């Protein structure tokens, strides 16, 4: 779901960050002959980013051949082959680190997301990510959340309205803020309002919005809010979601649970590349 | 240590990723009046990236005023103010997420690095990072390692030679690889060779290189290697370094310990921004 | 509603298209002294883009002074002053064409849009633009539609789902297409389906979508469709909307009328710049 | 006449404007199988931009196959096929809007230009465009003028000298301006001076310039000017040229007639794409 | 005559080439206090590029102060101060090399050009440069030629027609080539044809072109050609022009003499920067 | 040793500088048929940049065929063929100037470097370049030095520490500067200190640095310095190195001699392209 044109520009940028004017080690060694190489999982997890890794190598050597690859979303165990390619030795060595950095980071996020998703997979509540992403790398991190079974919240400030506490306080109240926004914004865009108390929930009941974010509320608070809202809006619970409490929150019947930590608290999945 | 010219290009790229054609929420609300805002620590840790956050806001509003700021490297406790600025409300709301994403990610890395460094701070061994970094974001992550008390390994493939296992196997042996590299590479660049066995250590003793990386060796293997090397080269231990074993490894007297996980296993430090 | 960071990058690109390595006429004439200059309307219309024009001149001369300006959305008559600035003569002459090209194109669109909007301003139906815009210039043209009183449809392929005839035929039917999309797409994004017959309207009545586009239907077809839909979805009429028929279409009670021609059939508003 | 290197950079920019991180509709539908598609004229006109449209699709899918295409400059009637291609369904749907936006805008300009040119095609006077073009899109619009039978005036501020009224007034007269310019400018560049009265025509008769622009003069004024100039310079008539008066102006024997409206008052030619 | 917008983009690119992520020496030394620094001539010559050097420092430190500067085109002697600035120590050290590289290269070209120009300064013949320039650096090198008293030939392939031997041989003769070009090219652009024999000169006498380049002809050949051409076209002599023969060639009365070596055989003027 | 990704971006930039929107001569002539063309040496020298020239043509025409080419580093004599290619006539004519500008400049540097290197080829001293390079073109010029048998000094301010006179004076002495730098800089980077007197040499003897640059010292001064340093550091002699004195300096036993003039005082090698 990342467009190839956008993808290639980004991957080139990533390769130039690492290679710059030249890989002085590999370039000195004249190792252009064709070799085979595998990326192996060194622990179990959910794989994400395989096609991005392939594209990294293809940018360096258009003749690279994919011998075998796992699909994004596949579970792998320690020792499993994730990707097997054939191509010029120097291109594989130059691209190794960027390809692995992508694969390890994205597989780490997918693996982490999957753990949250599995806790609530029998319920109708969906897990969402947030905009808490590494600067410049958002499209990749949000892609990995989807591979792990989560859904994406808005991508950026331009594709959905989210009226948060600071917006409200600077605008003289929720109602004024919503009205002013509706006047100016494209009707094709959804509008979400963040509330953090039952009083605020009551304030929004008559507004024409799409989604309510219940921010940092207790499970009881969420339940009470859902009762008041009564299906009038979609609902999202947010704040301090953990593997431990996610099921309890989902059982309230809230439509969405959003969590920044599925991305920002992931650690990398251990993978390595070997010339064979 | 990140140059301002480079910095500003990157920060603009980060802001455009999030704002694009426009922040449709904030832009609809006409909240350009001057407000004060604080970034508060919600847990304890080491702060990194304060000046980058300031620059983010300055790009959006050159008249932003820094009322108070902590220095990078400072410890903060829960509730401490990290940064207090004054400026147009809409600029602060537009820049909030990018500024926090930077600060939280970098402070997380600095905090994590600090833990490793503290274990060996009385020893001469230095902690190094690696090239296992988020694509496109390396300069920032390596900067945070330094804030946390670590040192930087090479930045990229262009500024130092590192002859790794795959290079060696494709070049017909360590000696051949080193000779070929020395013939071609600038004499102003250091040369490191990765070895993973005592036999390989013996093979390199006569070579004219700068640093030896002892990859995935046991503490005993490292000791034996250091004995053999006997100060002829700088030495670096790498592979599976944890908070638990780092001191034991350092006690061997190795010059450097490198760890990818100081960066890639960090989680974000919890910070939040509030308009006051 | 166009962010300043995005705006400045675009304006620099526009200036470089026209100036390149240098304005060989103006640069030869050494006319850097401060002068006053006005942009005058040579016909009546709705003004759009004044702040963009000012920014063009500010990029060339940060000390430019705005003496007087009309607001975007203002009506002007022949002879009215739109903008009066003071600054270095050579900067004004270098920026003149780009500033006027922006102002004339955008004011032309705003003026044209206004004519359509006025026909239906007492009704609840809103006028929308489309993605039929000049390549590379969409943000500006869509901005002008808003200045003229219209609303913006989706900005691009990334911020809303629109399932059109070709999507449907390649996916084996409307229902399949909607289901597949809903599985993959962020729940924060609205979904619109294009239909062109009463039969297709019937096919979608049970689907969970947000908006239905009634493409190229007669007024009677629209009425029948609205009856069937009965408020279940938002509705949009599209295709061959003219000044003559827009009111009749709006009187059906459809929520939106979209028209590519508000942008692509606009001609420029006549404006000129004079040094005084 | 637009270089392919320049062209591809521009088309990528146009595609990224529309697709960004991804076409969320098409990408969700998995419609990568090979299909055939046609672009059909829905009204008569002169076609321009066919090869640009082809290149748009080739950027998205290098294996796209052109089955049939009309040449730029061809007349088409309602119902005529303009372009028939074969390729992956999703690439065609993603590129459709950008390809059509290019083709419709450029064919509109070519069609409009042709109408002017036909009025004077038996005379020696040539029709020229101006720098009144959509910012960022000039090369394409000027190309379309040529397809329609017109000629291009200077491309930008860097490739020809044009001394206009504001230059003259800020330089202390025509003669001074011309002298100063000739001292500084490359001798390989043509010099044109704008005059708007018979008195000014007399002032320039002794100057060493290439072209005189007679700005906003009556037909009689043009005739008198041509008599005075008597073949010493090339001559250009400009200002308020319409389909109605262009022949009368051309009959004066002026070398060039320039018109901004051939570009900025064109409306798009109606074309549509269909998967077959 | 290099536009500031274009200039700043180029200078930033040059600075990033040298500084990249950071100047690791200067950044480590914390030397931000204000200092004064001078650029001194270490040999005599013609200075070019002073304002570019100033702009380099201003990009790094907007508060840099110019205490004294020579104008481009000034003669300097050994020991003369070229530029004296005041600003942050670290900005001056970071910008030093780029500023000097610009100044030394451009002053070298201006000095070299001046020597050629002085040989013919009493004659009407003008010295022109060529497109034999360092890739990516043309605008600067051509600027330096003008500072040294030369004139610029066409800037690039887009701003003038030059029909050379290879064009002629691939087009089936001079006449055919000229006709085809005149049909397609903007009438605002000058047309030059390269000839290398008296026979070719005769072939062009009836063509409607602007300039004839007499390529690699003897002085006698040039004289005979000028007789034949008899003022019908401007004339340019080219090929193997040296300081020794330039006057003899100019005495033929040819309008232009073009020389690649004024640029590509220049050596740098010796300059150095000192903190005082 | 210039990476292909970096190379292609640069070559595209160079081509766009020359071609821009289009090569108006070649594009008008419709000469796309396949032709053969040779680049011929018109004087003797060392060739550098052949593969870059080939890449220039491949960017314009991916089907270009290399019929024959010399390797970089080869000696050529007057009349020798350097490169013979087959491809579309218009692509060869469009790329000719950029390809030749690269080849001539780089071959000139390689030829010049070779002369210096030959004077000391039997000695252990190596010739180094400096950062005195044409802005934007450094990677190419440094590459040519290597082709000519020289070695590269640091590439830029980011890949090695060089503490120069100005750094020292602003830091309160050599020792302080070295200490501060070592505290902050990556241990993977070499440190060089510039000294210009025997006293300064004595000052550094106890410091932990890698290389000493002996700046502008007499041969006797260099000898005395080498005696004092006694192999503790690598040594570099710099300043006013000429073909006449380089051997005498090298005979002192200094490790490196650096010279800016191998690059900045080179003139182009004479080469030309012919369609055959």
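For clarity, chains are labelled A, B, C, D, E and F in written order, and residue numbers in each chain start from 1.
Assume contacts are C-beta pairs under 8 Å (C-beta built on N, C-alpha and C of every residue); 3 or more make two chains touch, one makes a residue touch a chain.
What you see is a predicted model; the values in this text were computed from it and never measured.
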item	value
Contact-graph distance - origin chain A, target chain D	1
Chain whose average C-alpha position is farthest from chain D's own	B
Between B-C and D-E, the pair joined by more C-beta contacts	D-E
Farthest chain relative to chain F (centres taken as mean CA coordinates)	C
Separation of chain E from chain F, taking each centre as the mean of its C-alpha atoms, in whole Å	22
Distance from chain F to chain A - Cα centre to Cα centre, in angstrom	45
Averaged-CA centre spacing for the pair chain F and chain C, given as whole angstrom	52
Overlap residues in chain C, where contacts from two or more other chains coincide	1, 19-24, 27-28, 94, 155, 158-160, 184, 186, 189
Pairwise chain contacts, counting only pairs that touch as defined	A-B, A-C, A-D, A-F, B-C, B-E, B-F, C-D, C-E, D-E, D-F, E-F
Contacting residues of chain C [partner chain B, same complex]	1-6, 9, 139, 155
Sites on chain F touched by chain E in the complex	10, 13-14, 17-31, 33, 35, 89, 93-94, 96-98, 100-102, 104-105, 108, 131-138, 140, 156-164, 166-167, 169-171, 177, 180-181, 183-186, 189, 260-261, 264-265, 267-268, 273-275
Of all residues in chain A, those that touch chain C in their complex	1, 126, 128, 146, 151-155, 158-160, 184, 186-190, 192, 211, 234, 255-256
Parts of chain D lying in touch with chain A, wherever the complex brings them together	12, 15-16, 19-24, 27-28, 59-60, 94
